[in-house]
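All remarks here apply to the structure that follows.
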Amino acid sequence: MLTAFHIVLRRELLLALRQRSDLFTVFFFFLIVSSLFPLAIGPELSTLQLIGPGVIWVGALLSSLLVLHRLFESDYSDGSLEQLMLSGEPLTILVLGKVIAHWCIAGLPLVLVAPLIGLQFSLPTSSLMTLTLTLLIGTPVLSMFGSIGAALTIGLRGGSALSSLLILPFYVPVLIFGAGAVGAQLQGLDISGHLSILIAMLCFSIGLAPLAIAGAVKIALE
Amino acid sequence: MLLEVRQLAFCRGGIPVFSPVDFVLNAGESIRVVGPNGSGKTSLLRLLSGLSRPDGGTILWQQKSVSKSLLDFYKNIVFLGHDLGLKQQLTAWENLQLSLSMWGAIASKSSVSAVLERLDLVGLINRPVMKMSAGQKRRVSLARLELLSHRQLWILDEPFTSLDSGTVEYLIGLLRKHTESGGLLIFTTHQDVDSISSVKTLELGVTC
Amino acid sequence: MSFWKFSSPQTFYPVAKKLSVIFFVLAAVLTIWGLYIGFFVAPTDFQQGESYRIIFIHVPAAWMSMFIYLVMAFWAGVGLIWNTRLSSMMAHALAPTGAMMTFVALWTGALWGRPTWGTWWVWDARLTSELVLLFLYVGYIVLRSSIDDPRRGDRASAVLALVGVVNVPIIYFSVQWWNTLHQGASVSLTKSPSMASSMLLGMLVMALAFWMYSIAVSLVRVRKIIRQRESNASWLSESAG
Amino acid sequence: MLTAFHIVLRRELLLALRQRSDLFTVFFFFLIVSSLFPLAIGPELSTLQLIGPGVIWVGALLSSLLVLHRLFESDYSDGSLEQLMLSGEPLTILVLGKVIAHWCIAGLPLVLVAPLIGLQFSLPTSSLMTLTLTLLIGTPVLSMFGSIGAALTIGLRGGSALSSLLILPFYVPVLIFGAGAVGAQLQGLDISGHLSILIAMLCFSIGLAPLAIAGAVKIALE
Amino acid sequence: MLLEVRQLAFCRGGIPVFSPVDFVLNAGESIRVVGPNGSGKTSLLRLLSGLSRPDGGTILWQQKSVSKSLLDFYKNIVFLGHDLGLKQQLTAWENLQLSLSMWGAIASKSSVSAVLERLDLVGLINRPVMKMSAGQKRRVSLARLELLSHRQLWILDEPFTSLDSGTVEYLIGLLRKHTESGGLLIFTTHQDVDSISSVKTLELGVTC
C-alpha cells in the first residue's frame, strides 16, 4: 500500500517535471494574479495593506484551481486511470497520492513564494509569518476539496469550468479563515481560534476527501 | 472452472445491451467475443474486468464472486481497452517501468529491453510516446502484456488495431503461449485471425 | 412488505399523484391560516414596526432550505449505497425546491436587512454560509444535468450532496460560533420561547405550510422524472396515469 | 465567406447549448469569484466600494480565461479542427466565428450581470453604468487576445495554464483602463480618455487577432 | 495527371521519415500506401492533404502547385485521419449537418437518412456520438464520405479500423464506386482488402 502511494506520487511528479511548464505556470499565474489587483485598484498603501492578505489568498485559491482539472482528466482520457484502478491497490491510497502530488505542484510553491508577494503589499513581518502558516495549513485543504470536484467531473465536457463551480463553495470557509487570520492579526487580535478551525478542516478533509474522490472516480469509470 | 459467468446482463438507459451471457472458462482456454459494431463487446469486456457493474447475474473467479473481492480479482487480470493507458509525454521505458511497478511486477531494464527488442521498439525506448506513430504506440502498450504474463486472465479489446502484419503474428504467438501455459484469454477483433487455436466464440447480437 | 413496496417507481407513481393533491390542499390551508395570523393577529413589533412581518416568510424559508438539503442528501446517500432508483429520483426532485427556498431566505433576508441593519448585504458567517448553500444546490443541479447517463448522474451528484452536508451545521450554528449581525436562535425545544406567542404560532404554521408545499411540489416533480426516465418501460403506458 | 462565419458561430453556440452547464458555469464562476473577495477582505463598506470595480473586472477577466482553453483544444483533440481547416474557407473567418462565440458565452452574460454584482459592492448608479459600458467594450478585447494564447498552446499538455500565463500580460492594459474608468468616475474625474483607449484597443484587436490566431492554428496542425 | 507528386520529402527532427516519394494519379486511379508501423504513412497522407508542409519536393494538383493555392486545393479533397473529427456531444445528425454545410454540400435530411440507412445508423441518428461504440463512431465519420462524393480526391488513413465485416464490405463498394466514377483515392490499411480493383501500391520503408 505504501509502495503504491509512493509510485503514484513519483509518477505524478515525473509527469509534472516532464512538462516543466506546469511548475512554472502555477507559480507565475499566482504572481500575476496577485499583481493584477494593485493594478486594478490603485497604489494607495493603506488600501493595499488592507486587501493584501485577501488578494494573496484568493490568488492561491485560483492557482490551485487552475491545474486541478488535469489531475484526473488526462489520465481518464488516455485510459491510464482505469489501468491505475486495475492495479489492484486500494483506490483511496492511489488518489491520495495524486492529491498530494497536486499539492506539491500547486500548493507548496505558493506557500514558499507568498511572503515575497506579501512584501509587495507592505505587510509587516509578523503578518507574513501568519500568512505563510495559514497557507501551509490551508492549501492542502484546497487540494483535497478541489480533487473531489475534479473527480466528479471526469470526462464531462466543460468539466474544468464545472468543477470550479462545484469546488468554490467548499473553498469559501478555508478562504475566510485563512485570510481572516492574517487580517485579525493585523488588527492585533488573537488568531488561535482561526488556526484551530483551519487545522480541524485539514483533519476533516484528509479523512473524508480520499473516500469521496475514490467513489467519484469509480463512478466515472463505470 | 477458473472463470464462470452466469446470466450476466447489462443495461444502458434501461435497455439491455445484449441477451444474458453464460460461459465457463478453464485454464488454457480462450474465448473470442464476436458481433457486429455496437453489439456490446466492449461493454461485456469492461464488465468482465470489473470496471463496470452488471445489472444482473454474477461473475465467479475461482468460485468466488468478483464483485465481493474486486481488488483481489484485479490482481489476476490484464485489461487492454480501446484506450492505451500510456502517458503521451513519458518515454516508452518510463511508461512501462511505472505501470509495471504499479502492478507489482519487477521491471528490470534487461527484461524490458528483451521485450521491446521483439516488438522492434529498441530505438524508440527513450522517445516520448507522443512522438510515435499509431502502431508504435499500440506496441508499447502491448509490451506490458508479455511483461505481465504471470497474471492469469487477459482481456483484450481489439488488440490488433493499427498493427502491421509482422506484429500481428508476434501477438498471436504471444497469445498462444499464454494459453498453452495455462492462462485464460478473452478478446474481440473484427479482423480474421483464425490462427489462434482452441478458441471458443461467444456471439453477441440479439438483445432480448 | 408495505414500505419496500413503495420503493419501486412503478408502485410509487400513482401513489405520488394522490399524495401530492393532499399535500397541496394542506399547504394552501396552512398558508392562509399562517398569513392571517401573521398579518392580523400578531402584534406590531415595538422595535421594528411592521417590517418584522417578513419573518413569517424568512424564517420558514430558511429552515426549509436547510432541512430540504438534509433530506436530499439522505435520499442521495440511500440511492448511492443501495442503488435504489426511486431514492435518487427523490433527491433529484427536491433540489430545485431547496434552491428556491434558499433563494427566498436570502432575498427576504436582504429585504429585511435594509430597514434593520441599513444594508442589503453583509459578509457575515450566517449570510455567507446560506449563500454557499445556494451554490451547493446550484452545483448539485448543474452537475446532475450535465451528466447524460442517469445512473452516473445520480451517483456523482450524490457524492457532492453528501460532502456538502457539512455546510448545514455551519449555517445553523454560525450565530453561536461567531459574533454575527444576524439574530441568534429564538426558537428552541429546551428553552421557553422569547417572542410573542402569536408570532411564534404564525411562524410555525407558515413553516408547516412551506413544508407541505415542498412535499407536494417534489412529488409532482418526481412523477415527471419517473415519466422521463422510465419512458421505455411498459408499465407507464399501461397505467397512463 | 459570410456563410462560413455564420456556420461556425452556430456550431459553437450549439455546442455550448448542448452542454447547458457551460453557460451557467461561466456565469456562476463570475458570481462566486466576485463574492470571494468581500469574504477574504472583510465587510467594511468603504473598502468594498473602493475595490469593487477592480474585483468585478478581475472576476470578468478570470471567467473569460476559464473557458478559453476549450475554444480550440477540444476541436484539436477530436480532429475537427483539421476538418474545419480543410473546408477550404479562409481560416481567419473561421476563427473569428469561434472568437465571437466565445464572447457570446463568456463575455456578454458577464456584462449583463455585472450591475447586479456592483450593487453588492454598493456602487452608485452612475458607476454601474460606466462599469457595464467598459465591460461591454473590454470583454471582446479579452476574448480576442485570449484566443491568441489559446491557439498558441493547442495540443500542449498544461496548455490551459500556459495559455493563461501567455495571455495575462495582454489583459493587463484592458484591466487597468476598464477598472480605472470606473474608479476615476467614482472620484468625479473625466473618463472619456479611458473610454477612447478601450475603443482603440478593441479596433486594434479586431484587426490583428484573427490573423494571429489563424497563423497559430496552422502551425499547431502541421 | 490530376495529382502529381515529385520528390516529396519530409523530415522529423532533421531525419527524413521516408525516401523521397514520386507518383502520378489520374482520374479513376487509386493508390494504397503500405509499410510497417512507423514507416511514415500517416505523415505522407497529411502532406498530401496539405495539412503539413513538405521539406522538399512538390505536389501538383491539375498542374498547379498545391502550396500556392491551398484553399482551392482543400475544396477538392476529403481527408479522414486517425481522429474522427466528430463532436462527441452532438448527435450524428447534427455532426453531419454541420460539417456538410461547412463544406458547402447540401445536407438534406432525406439524403443523410439514406446514407445512414446504408450504414445501419438510422436508430442512432439522434444519439450523441459520445454514446456510441467505437465502430458506430467510425461509421458516422464515414457517412461524410458518401455525402461528399463530389470531392475528387479522397485521402483515407486506415479507414477500416473498428469496422465489422459488413461495414468493411460496404466501404470497399463505396471506394470502388468513387474510383469508377473518376474519383481519386489514396489510402492506407494494415488489413487485407485485396478486393479493391486497380490499386497501385506505394511502398514506404527505407529511410535513406
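Think of it as A, B, C, D and E in the order they're written, each chain with its own count starting at 1.
Quick note on the criterion: a residue touches a chain if its C-beta (ideal position, glycine included) is under 8 Å from a C-beta of that chain, and two chains touch if they have at least 3 such contacts.
Bear in mind the structure is a predicted one, so any value in this text is a computation, not a measurement.
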Worksheet item: Moving only between chains that touch, what is the shortest number of steps from chain B to chain D?
Response: 2
Worksheet item: Of the other chains, whose C-alpha centre is the longest way from the centre of chain C?
Response: E
Worksheet, complete the sentence: Taking each chain's centre as the mean of its CA atoms, the one lying farthest from the centre of chain D is chain B
Worksheet, complete the sentence: Heading the list of chain pairs by contact pairs is A-D
Worksheet item: So, what's the distance in Å between the C-alpha centres of chain E and chain C?
Response: 57
Worksheet, complete the sentence: chain A and chain E have mean C-alpha positions lying a whole-number Å distance apart equal to 46
Discussion item. I'd like to verify one number: the distance from the centre of chain A to the centre of chain C, where each centre is the average of its C-alpha atoms, in whole angstrom.
Written reply: 32
Discussion item. How many angstrom lie between the centres of chain B and chain E, each centre taken as the mean Cα position?
Written reply: 30
Worksheet item: In chain E, what residues contact two or more other chains?
Response: 82, 88-89, 128, 131
Response to the item:
Multi-chain touching residues of chain C, meaning two or more other chains, are 128, 135, 138, 142-143, 146, 149
Discussion item. Can you list every residue of chain A that touches 2 or more other chains, as numbers and ranges?
Written reply: 19, 156-158, 162, 165, 168-169, 172, 176, 222
Response to the item:
Touching pairs of chains in this structure are A-B, A-C, A-D, B-C, B-E, C-D, C-E, D-E
Worksheet item: Which of the residues in chain E end up touching chain B in this complex?
Response: 12, 35-38, 41-42, 82, 131-136, 138-139, 158, 161-168, 190-192
Worksheet item: Mind pulling up the chain D residues that touch chain C in the complex?
Response: 19-21, 24-25, 28, 32, 35, 38-39, 42-43, 45, 119-120, 122
Worksheet entry | chain D-touching residues of chain C, taken from the complex the two chains share | 119-124, 128, 131, 135, 138, 142-143, 145-146
Practice prompt. Over in the complex, which chain C residues touch chain E? Could you list them?
Written response: 148-149
Fill in: In the complex with chain B, residue positions of chain A that touch it
3-4, 7-8, 10-11, 14-15, 18-19, 77-80, 82-90, 221-222
